[in-house]
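Let me give you the structure first, and then I'll get to my questions.
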Amino acid sequence: MKELRIHGRGGQGSVTAAEILAVAAFRDGKFSQAFPAFGAERRGAPVMAFLRIGDEPIKIRSQVYEPDYVMVQDATLIGIVDFMKGLKEDGILIINTPKSPDELGLDGNFRVRTINATVIAKEIIGRPIVNTTMMGAFAAVTGEVSLNSVIDVVKERFSGEVGEKNARAIRRAYDLMAKGESS
Amino acid sequence: MKELRIHGRGGQGSVTAAEILAVAAFRDGKFSQAFPAFGAERRGAPVMAFLRIGDEPIKIRSQVYEPDYVMVQDATLIGIVDFMKGLKEDGILIINTPKSPDELGLDGNFRVRTINATVIAKEIIGRPIVNTTMMGAFAAVTGEVSLNSVIDVVKERFSGEVGEKNARAIRRAYDLMAKGESS
Amino acid sequence: MEVVEGSYAVAHAVKCCRPHVISAYPITPQTHIVENLAQFVADGELECEFVPVDSEHSAMSVALGASAVGARAYSASTSQGLALMWEVLYNVSGMRLPVVMTAVNRALSAPLSIWNDQQDTVGARDSGWIQIYVEDIQEAHDALIQAYRIAESREVMLPAMICMDGFILTHTYEPVVLAEQEETDDFLPPYDPEYYLTVERPLSFGCFAEPDKFMEFRYMQHEAMERARFKIKEVADEFERAFGRYYGDLIQGYNLDGAQIVLVTFGSIIGTMKEIVKHEKDVGILKIRSYRPFPVKEVREALKDARVVAVVEKDFSAGFEGALFSDVKAALYNHVSDLKLLGFVLGLGGRDIPPEDISKIIERSRVVMDQGLKEEWEFIGLRGEIL
Amino acid sequence: MEVVEGSYAVAHAVKCCRPHVISAYPITPQTHIVENLAQFVADGELECEFVPVDSEHSAMSVALGASAVGARAYSASTSQGLALMWEVLYNVSGMRLPVVMTAVNRALSAPLSIWNDQQDTVGARDSGWIQIYVEDIQEAHDALIQAYRIAESREVMLPAMICMDGFILTHTYEPVVLAEQEETDDFLPPYDPEYYLTVERPLSFGCFAEPDKFMEFRYMQHEAMERARFKIKEVADEFERAFGRYYGDLIQGYNLDGAQIVLVTFGSIIGTMKEIVKHEKDVGILKIRSYRPFPVKEVREALKDARVVAVVEKDFSAGFEGALFSDVKAALYNHVSDLKLLGFVLGLGGRDIPPEDISKIIERSRVVMDQGLKEEWEFIGLRGEIL
Amino acid sequence: MGVYRFEGGDTVKNLFVSGHRACAGCGMAIAVKLILEAAGEDVIVVSPTGCLEIVSSPYPETSWRVPWIHSLFENAASVASGIEAGLKALGRKHEAKVLAIAGDGATADIGMGPLSGMFERGHDITYICYDNEAYMNTGVQRSSMTPPGASATTSPAGKVSFGEIHPKKDLASIAVAHGVGYVATASVGYGLDLMRKVRRAIDHDGPSFIHLHTSCCTGWRHPSSKTIEISRLAVLTGLWPLYEVVDGEITDVKRLPKRLPVEDYLKTQGRFSHLFRMEGGEEIIRRIQAIADANAERFGLDLEG
Amino acid sequence: MGVYRFEGGDTVKNLFVSGHRACAGCGMAIAVKLILEAAGEDVIVVSPTGCLEIVSSPYPETSWRVPWIHSLFENAASVASGIEAGLKALGRKHEAKVLAIAGDGATADIGMGPLSGMFERGHDITYICYDNEAYMNTGVQRSSMTPPGASATTSPAGKVSFGEIHPKKDLASIAVAHGVGYVATASVGYGLDLMRKVRRAIDHDGPSFIHLHTSCCTGWRHPSSKTIEISRLAVLTGLWPLYEVVDGEITDVKRLPKRLPVEDYLKTQGRFSHLFRMEGGEEIIRRIQAIADANAERFGLDLEG
Amino acid sequence: MKLRIGAIADPGTSIVNRTGGWRSEKPLIDHSLCIRCFNCILYCPDSAVKYSEKEGIYFDYDFCKGCGICANECSGRAIYMVMEEK
Amino acid sequence: MKLRIGAIADPGTSIVNRTGGWRSEKPLIDHSLCIRCFNCILYCPDSAVKYSEKEGIYFDYDFCKGCGICANECSGRAIYMVMEEK
């Protein structure tokens, strides 16, 4: 079983991201479980969401303490939130930032991948809503969900042009990250 | 321990009668307990109240099932209420009625004393409120409370002329009954 | 001593405690208490704010606000009223406000019944209130005065309800020693809370607790309840010294020495029980005076030499059994095991409890003592013919 | 199977039951259930009267009125909301109206907490409602459909609440099989009460009962609860036949064969427990599915071969101990005595329960198995540093 | 405006039957009888806890010949809402109108929230508050409808008290402020007027509200025979104006040829007797007269002047 | 009428401090800041459960620098009553005025009964309802204050629904019907007017009531920067008339030189967007315009015409 | 009697409760004075005043509680109260 | 920190909560345009707009959440928002 923690801000769709990834993983034949960090946070405040993916039905109900993956949707959280907390050795941190992993200068036994999701989202979707873009990155970096499933689910969720645009953003992120680039 | 059951109608002061007799008995150095038949009855409807008098503190909390005495404040209850229920052998029934015990034709191993309390009350107190008058009868017939105590308590309760009048009615009833007359 | 109505005695005790704010909503059979208080106020005998609220929910909320601003607050209710203020009950205890209430015991609707049983306060056993059940009118009067001492002590700071059987105690007249104002003043110091609402020190009351703290607040409440055990004892002793009357601490035993059968119960039924038990050599009574905190150790100690224990109560948890019955068994499990425990539910919705019912219970206990247990618990006094 | 949020799954199940009247007041974390239902209505997917009430007290009162007129009524609430409708809860059960409610579990204020524990529904254990606690989202969905069958059956005619951990189940997405309308229709017949408000037969509902009858009405409720034991089993079996899923009847055992240590509990914690217990040969789990009626005989049977029983719960009765702990001990007393019973209170106000807490409980149980009992119950997961 | 006339045995519907346990001379009992007479058989009635419920429904007896339900003291408006919603959902809306009959305490105090919600949601319910100006069922405690100067058991007259001090809540205006389409005041002393208003209220679609003044001989402390007479005096002194408000407009005010002084009303009742006995009582009576005068002004009660 | 003017650092009392957790751009937070600024330090504040309470009091933090208490969602008026009674009984009445600040749900729905009781008993309390027109704290469910046509999560727009259908409860009129001596409407968009009214309310003896319109950017779905602008639009379209009622008489109506069409207001917010998208939406907009027109008529809003 | 679930009662059953027993005064009528205004029927709290063409106004003493309202409201002063004899 | 009974908090303590971290845009001011109407101070939900004679209007970025109201309400159009850089 693998565990992901997503950091974002209230209103940025972190829970939706966890949910869509859970649905996609299930499409891929895995079991999954997604849930928010239950809180009273308001729009703008830092929030978290969690995802578990595994080959067996997932029974555990506790929070995620030692994630395999951490995803940060908003670089302005850097310095404000301890998003490396508990990240497993050899875990992967995926951050939305224009900077390169080296520039971030994060210490730890984990890998860091960066992606400028805000730029991609603004460019393709037209709004700085990065949660779908980040899903593409997650798929590419971790291989825990297939690109196709993510795109399918997103298209079902957002119909018409909005869906198409999001799909394109996901694919762009996927391609970038699959190539090993930090955009 | 002796037990009394009072029958009357809502609004006729049956509970007050039980209470005043309890206070009077306590003055006489006995222990006492008075309580109504707990109910939702409205003015005019038949009601009951109870009194226990004894030489020891009274602990029992159940209703009175086999009274030593029964007092009926309102002759119109005859035929409507089973006021003889449970009355002990050798118990005493005191009824406010112009009739004589014989005329009532009640069957049982108990004694019956009648008193025309309504007439006394109207005459002396000026209103057909018989509860105090009946207390005088009770004191005379049973000897469970002293006349003086009853009169004292009633005078404390109803000050001035009202008290005086009630006291006189009590005394009249007492005298009548003590003489063994059924008025 | 004077012969007074139970409700009057309680109102008198309240008056002697000099409450600042009284806030209650009328409901049978609590009404006489509140009416007497209203009359004291109307006659200038009691100076306080008497707030004629719109409901019990508001009654307890007014008491809460008053208590938070540093006032001594009193309320009284029963049954439906207690149920309607449910949410506020937990709130008051969680906010650690020492409101004192006379909780008159009455059945819960449906069907509606204005008559006595103990389903109402027993159902509030998790609410974080101290619950003291009284046996007679004198105790209802005295326990009220004790309650403020216990509740307001800095170690405790928990609300307390004095539970008193409706009608059976509220509407009965019997001889009672009414407290003097002066001796009450000597016994009960003015309420002096460490924290209260004031512009001098503008604190915030009723903050919310995130998951990293909530449990610890509950634990603190638990600790306060543990301390209340000692406080209840201490105050009972001091009350005895001051007023010369004593009703036990968390429990009180009667005839327990050498008793093979012990009747465990609370409330006014104890009076009738005593009348019966005095004729029975081997039968004792264990009165649960403090139901919360529950006298765990005391119950173990008191029952350890018995052979059959009959738990007698006027409530039951639908789908299970009487609550006191469960609690007593729970307290004994792991500790005292060579007993037979029997449960009896009676007196619901005002069903009178004649002495014969108590005798029947003792009889049943004897059968179990001789022949072992069959049915664990039963209703006593059911009218089979209307079922 | 689809991955959906727990609240959606519940709303879907409700929709399939074709309620006539839905009446609920929003409160975290029940909100998503009601919002989903409102959206079904707004989209024309569900035809019913959705009554946007002014409070939970009114929510349950509307459900009561609707049920009395012969409509199938649904509500959902939690915590403060449940507390505010307290009086109505007892009323609905006493009036024998088969209202079904999803009771989301959340802590009770003060301090305010929007997070999960089970103090709220546990506190309602005397209310005369059937209480079923669910382990996961699928069961929350399925139990809802079962609930109407149980509650509305003529032998039972009692309201039922499906208790579901707030957030942990309501806000989690996981794979669920959503019921089909048709299969639900086959399983659940239309509500067909014997008595209801109609001018055709102008009956009077909610009469009051004098002391000569009240107790018998309670007894009838008790009997209905006894019959509900069988109904719950029967419906679980039929549900399995119809839908192929089964969660136990009144209880469900896991790994009980040969278990020396048994963890007794209810609700979502069982998921985490199972993960731990699968690595422990001698540790089993006893899930209390139906808390009311309480599975007295089943618990005795299931635990009789254990050595240590750890009762694990997210509630406690202030001044005593965890309610489930008491109830289990009470059920065993007189019957199974060579066990050690241990209580653990955890997860209050949303305190997370990591697997280590379960391991710690098992450890503690082992120590007791080896060395005997010291402390009977304790809080798990307390942060001593802030106390 | 229909005029009701009892023609004798057969035309009387008798839907609130004899054998109920109300006090001899109870104004509420009269009112309920008349309400049902006007409403007819096709109603479902909801009553909260209170005198009406207690006197009419000691199981297994009931005085109701229409379908009737009692749940709690504070929730009549919500229970009625549930019934109305249920009827709608079951396709039985045509079967019956929903009618709540509730005391002043149940309406203006503990049930105020649910009533406000019922108004707001626009249920098709007729809600009648019979106002006997105190909690009678529990022994004459004050309610927010107890008039100033009246002695009630929780606002008693006493050495330093003239009884109740707060003004009566203006329920009709509160209903109007909620946008209720048909609002009326009525008095048991004007039985035919009451029946006409009940019928109008029931025929009205959506919520309607009648504030109905009913004497309680036990609580007001007057001879049981005077119930109707004294209820009328409340109207004739201007203390209880009779009017209707249709869609926010006051209509149909009962005008008084010669308004009587409030003493004529007050002196008939024990609950006001201290005003005539205690020093300072005249001042309270003057204030009560001022209330009547203000009513006369506001509603144009006085035919002349 | 005092005019408030912030003169800079030192004159600002800052009694509702920074660090609270309200959404960026929260209208309620602005309003509360201004209320306290006007009220000053000598108040004891009561807040029910709701956004205000949640954003200001996660233990051990609080944003209040005046004494403050939260108990439950429905009982602010009763808790305030208890505080006021307590102050009186303790001889500390002079110490502080009691101020309740509560959301529309807490006031008009679940807390309606206690509020009505508080009014009736005549406590000296200022009660301010900040009306953001839904239950925001729990995620934008409808309240009885949600305006017709708005989509809320329990009255959502959908295939067969245009969102909320019931009219807003007229809280100010309900307060007036209770005989409350000082009643006013206010808007966070008119900050100085709000402060003046708060001061008047607090200075008033006995109960006073302010119904205060505050945008919630999250629930109304508009950019956080537009909170004040949109709140003003409600006033400028006539949907939210500003006025005072002193002893039952309407005074001080804010007149509009040129009333704007309601679309100007509706189109700024996501909660109304379906009205511009769905077939039949124009009809709803027309009805909303009719509400504004009726307000204009009732309060004489239009300066010309 | 067996109890019915939920305390649900059959319509109009209070008719078994003969409240006539509560009475201490009872109404009588002088038919010659009756003008058939029917105030007595309208205002009797216990529906104990009846009317038939043949008998005119009469009382159902099984239920009359003797409140005296009929006498008080009688337009023709035809009804009067007398002490109950038992 | 030790918990205090009843969850009673000391005044104004939320000041430790630096909500500036929530911001994604931040306000800047062109002092030359400011006409000192103080709308910005009046309407800032977070009391993050300050004023002193010397510095004029300035922002407390520890608490400014970047809502943009100050800019929107600025009479002089002196305040404008820029993306936050971190």
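For clarity, chains are labelled A, B, C, D, E, F, G and H in written order, and residue numbers in each chain start from 1.
Rule of thumb we're sticking to: a residue touches a chain if its C-beta (ideal position, glycine included) is under 8 Å from a C-beta of that chain, and two chains touch if they have at least 3 such contacts.
This is a predicted model, so every value here is computed, not measured.
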Common touching chains of chain H and chain D: A, C, F
Chain hops separating chain G from chain E, counting only touching neighbours: 1
Chain pair bearing the highest count of C-beta contacts: C-D
Centre distance in Å when chain E and chain H are each reduced to the mean of their C-alpha atoms: 56
Distance from chain E to chain A - Cα centre to Cα centre, in angstrom: 64
CA centroid of chain A to CA centroid of chain H, Å: 31
Rounded Å distance between chain G and chain H, as computed from the means of their C-alpha atoms: 78
Contacts with two or more other chains, residues of chain G listed in rising order: 1, 3-4, 6-7, 9-11, 19, 22-23, 65-66
Residues of chain E engaged with two or more neighbouring chains: 21-24, 26, 53-54, 57-62, 64-66, 70-72, 74, 109-110, 112-114, 116-117, 120-121, 144, 166, 217, 224
Residues within chain D bordering two or more other chains: 52, 54-55, 57, 80, 84, 87, 91, 94-95, 109-112, 114-115, 201-211, 213, 216-217, 220, 350, 352, 386-387
Touching residues on chain F, where the partner in the complex is chain A: 21-24, 26, 54-55, 58, 217-218, 224
Residues of chain H that touch chain F when the two form their complex: 1, 3-4, 7, 9-19, 22-23, 38, 41-48, 50-53, 60, 62-63, 65-69, 71-73, 81
Chain G residues touching chain B - in the complex, by the definition given at the top: 19, 21-24, 65-66, 84, 86
Chain D - residues contacting chain E, complex: 20-21, 23, 47-49, 51-55, 57-58, 61-71, 73, 87-88, 91, 95, 197-199, 201-210, 213
List of chain A residues in touch with chain F within their complex: 10-11, 40-45
